[in-house]
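Letters are used for the chains, namely A, B, C and D, taken in the order the chains are written, and counting of residues starts over at 1 for each.
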Amino acid sequence: MKDDDRPEPDTIREKIWEIIFRHDTPASRRFDVILLILITISVVVIMLESIEKYRIQHESTFRIIEWAFTGLFTIEYLVRLWVVRRTHRYAFSFFGIVDLLSILPTYLALIFTGSHYFIVIRILRLLRMFRVLKMVRHVGEANVLLNALMASRSKITVFLFSVLALTSILGTLMYLVEGVIYHNPAFPNIPESIYWGIVTISTTGYGDVTPTSPVGKLITTAIMLMGYGIIAVPTGIVSAELNMQLAAIRMDRRVCSNCKTEGHDPKASHCKMCGDKL
Amino acid sequence: MKDDDRPEPDTIREKIWEIIFRHDTPASRRFDVILLILITISVVVIMLESIEKYRIQHESTFRIIEWAFTGLFTIEYLVRLWVVRRTHRYAFSFFGIVDLLSILPTYLALIFTGSHYFIVIRILRLLRMFRVLKMVRHVGEANVLLNALMASRSKITVFLFSVLALTSILGTLMYLVEGVIYHNPAFPNIPESIYWGIVTISTTGYGDVTPTSPVGKLITTAIMLMGYGIIAVPTGIVSAELNMQLAAIRMDRRVCSNCKTEGHDPKASHCKMCGDKL
Amino acid sequence: MKDDDRPEPDTIREKIWEIIFRHDTPASRRFDVILLILITISVVVIMLESIEKYRIQHESTFRIIEWAFTGLFTIEYLVRLWVVRRTHRYAFSFFGIVDLLSILPTYLALIFTGSHYFIVIRILRLLRMFRVLKMVRHVGEANVLLNALMASRSKITVFLFSVLALTSILGTLMYLVEGVIYHNPAFPNIPESIYWGIVTISTTGYGDVTPTSPVGKLITTAIMLMGYGIIAVPTGIVSAELNMQLAAIRMDRRVCSNCKTEGHDPKASHCKMCGDKL
Amino acid sequence: MKDDDRPEPDTIREKIWEIIFRHDTPASRRFDVILLILITISVVVIMLESIEKYRIQHESTFRIIEWAFTGLFTIEYLVRLWVVRRTHRYAFSFFGIVDLLSILPTYLALIFTGSHYFIVIRILRLLRMFRVLKMVRHVGEANVLLNALMASRSKITVFLFSVLALTSILGTLMYLVEGVIYHNPAFPNIPESIYWGIVTISTTGYGDVTPTSPVGKLITTAIMLMGYGIIAVPTGIVSAELNMQLAAIRMDRRVCSNCKTEGHDPKASHCKMCGDKL
């Protein structure tokens, strides 16, 4: 949260803002730690609930705990909305949306009390898992990684699309060879064959679908060797991008006193924009 | 398509050329979007047809849709051939060939109407999947990736060949250890053992073929550790190549006329060493 | 061990110190080699003991060998404590702790002679395996790798946490799709689904848990494609860090006293710009 | 082969040397191509022989072909030994040894005609597969890759050893958790558990050995996340090394006219060793 979201000084709103939104005072640090612990517990509880044995034994206990946590996080969310100066900016920020999404599922399970719809609603309930993402906020190093990933976003999209197109063609070829010609039941249609192609080219290799014919194995070999060159591409992209990010960080921090330009060569003696002595 | 393929101005050919071959006017953009949607639908339809359940139920529907799409794309291909100034250049360009290959299979299935040959012809029919590759044309970022891959092409070929040679030797060794000495039916001959070697060294690891003897497991362990060093090579190649591509793009070739300093920021207006105007 | 740990000159302590803690005299080299061989044998013996067939046949032999090695390494440990000038510095150094941990398990198995606790204690006994790590001490190159890993430690932690958070959400989604909706017994609860998620996103792909529904396979495909971008991140981090480590090693900090040029070759004796002696 | 191995001019030896050891004259190129084809055929034949169906049907044919190829390659080997000026240098070079190893197995199968030794000898016979490596000789690009791999050899050895040590400890831990405590038959002893550890940490993941207990799955998850950081290391090493190799190639080729020093900074105006103007 930028400092221009700070409320008027010396009010109760400002004090709460300092505790909730800052991370550098003793009080705000204590708040962060407690919040992190509560989030962790609530996530562990929802995971334990999913284990049938525990769910049957302690159904009501789980419900009470879930409502307690949801209540707590709802209050926290409302307080956040109140103390922040520009409410809409927080509400539509990444963490504002995550905060909202992590309390909604419990309430949604309440409204839609239909019988067989129940299962579908539980999908939304379990989205509370998104709370986990809250923790990312507290770590500073994430920015360099995110910047590098953001900068290579379009290249990675092109790459992923190319992989998908290539795998579609190879999957179709394998469907014809294994499924149609050799009657391998593991390749019953093109979508399943494409699923196999992705499992193979990503080097995951479950082994639930494998070729049995010599021709199919030959094509598989070619796909896996291709996979070598392919996995090298995103690594190379992110690697080159990170190199640049890190180089930019270590660049000179001098600011030209005349035109305020930043980002000079560490060896430079004159401003690159106005020619003034640095 | 380069601009020297543009037909004579103010003709109907030029207007169609502008719609089909350019991507920066409202009309050409609309054409691109519609084409993309049609290609996607036709690909999805062919995938659904491969699912037995749907194929049996809607056989004639699938045939009609397929012929409709093939007709449409044939017209599109002929128009492309007509409007372009140098027909052979388009026809033998990468996308000219892809465009042709994506309509041929349907016609080929018509000519060769033999009974049991039918299955073989379907292989060609499904090559229509190549249409997917058309989409790549519309994305600009692909060039940097393709350049990096092209520049490292010969290094990657050498690498792939070395991996293949190494895997052949290791596969033979495993055939002797597992197949001949320990009678493991999963290693019946050298080609199957090489298939296993590629599955292992590429870290795919289906698990359809696995060693059972202690010696075989020891060799497998060695192969997998070797695989670490091996997978690093193509990644290093593409990474180094991408670094150079990106560095070359961002370099500035201006030299200060006063002090002859090189290596200025592309955005700089003054020399960083003497402050002279660049 | 730094040289300020060397005991008073010309004493027996100093002679033993030279043999045990140095690696550059003939005597100390011989000691290192013998120690390495003994450690290797003792590790191989404990591994053979774990094989039921051998354990039943040679139980008493294994016990004698184990006690002989433990006795020997205990004496070595005590001698190390005695000869070193500042005992606590060795005792709390990485290798001091490893040396201690590699003899403790045998003694611990002695004290706690309870019947069913026995198995739990054997866990500690087998920690003697840590002796293997001793060998790392003898290799110099490890430092560059460790420095690069240490420098990227916080970035890798953030990365691992993000992967864990992402996999938790995807695992929950798969539990709902595969386990709840499609009743796939391989996805019985969220923790098991997260285990599957990690197996998939790390491209390990055992195949013990695999999706069976079309929706589940679609999500799996998305996860594996995501895995491409994800595996690129730690590689990029370590790669960028190693580049810097190696660049820093090869950099020269000398400045020409005549023309103030920096960035000379470490082996250069004259300034590359003015020819003045450096 | 260096030029100082060339025999006396205008002799028959020199002419054969030019055909066999050079790769830049029409005659030598023709020889290389024919040799490559013969090697390929002989490798394919040995692979086909390993397939039981063919071996039973055409046993004598395979034997004749094998002896024909071995005879031919033996003559080739002897001629190579004769034409080269310094016989021992060729004989003990990498390809001299490969050439010898690729003819020996057939002869060895002849001498040791014992009954049950037969299988062991076949191991040596199949080493003829090494002939495949001969092809590498004909490719020029391999050098940059080999240099980069050689330069990072010691770092990769340290890395592989560390992985092996780490996997030994983790394998022991898993043996105790899965094998001893939870009685999972897939983890019967420490060596098998280490095998599983390598299969897991290299992200191969056959799935022939998988954890079944919750604790075992938790440890497996940790190992796989660790595997992320680990696979990044060799990639980073080779990547950094290749960057340097490529940078060195593109470095300045100017030689100081005074002291013959090479490897100057492209921007340098004076020799870095003697200070003379370049």
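Note that in this section contacts are C-beta pairs under 8 Å (C-beta built on N, C-alpha and C of every residue); 3 or more make two chains touch, one makes a residue touch a chain.
None of the values given here were measured: they were computed from a predicted structure.
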item	value
Matching chain pair for A-C (criterion: over half of the contact pairs shared, by residue number), options C-D, B-C or A-D	C-D
Chain pair with the higher count of C-beta pairs in contact (B-D, B-C)	B-D
Whole-Å gap between the CA centroids of chain B and chain D	29
Distance between chain centroids, defined by C-alpha means - chain B, chain C (Å)	40
Multi-partner residues of chain D (at least 2 other chains)	159, 191, 194, 203-207, 231, 235, 237, 239, 243, 267
Chain C residues within the chain D interface of the complex	43, 46-47, 50-52, 119, 122-123, 126-127, 129-130, 132-133, 135-136, 139, 141-142, 144-145, 148-149, 156, 159-160, 163-164, 191-192, 194-195, 198-199, 202-208, 231, 234-235, 237-239, 241-243, 246, 263-265, 267-277
Complex contacts: residues of chain B adjacent to chain C	203-207, 235, 239
List of chain C residues in touch with chain A within their complex	154-155, 157-159, 161-162, 165, 168-169, 172-173, 175-176, 180-181, 188-191, 194, 200, 203-207, 210, 214, 217, 220-221, 224-225, 227-229, 231-233, 235-237, 239-240, 243-244, 262
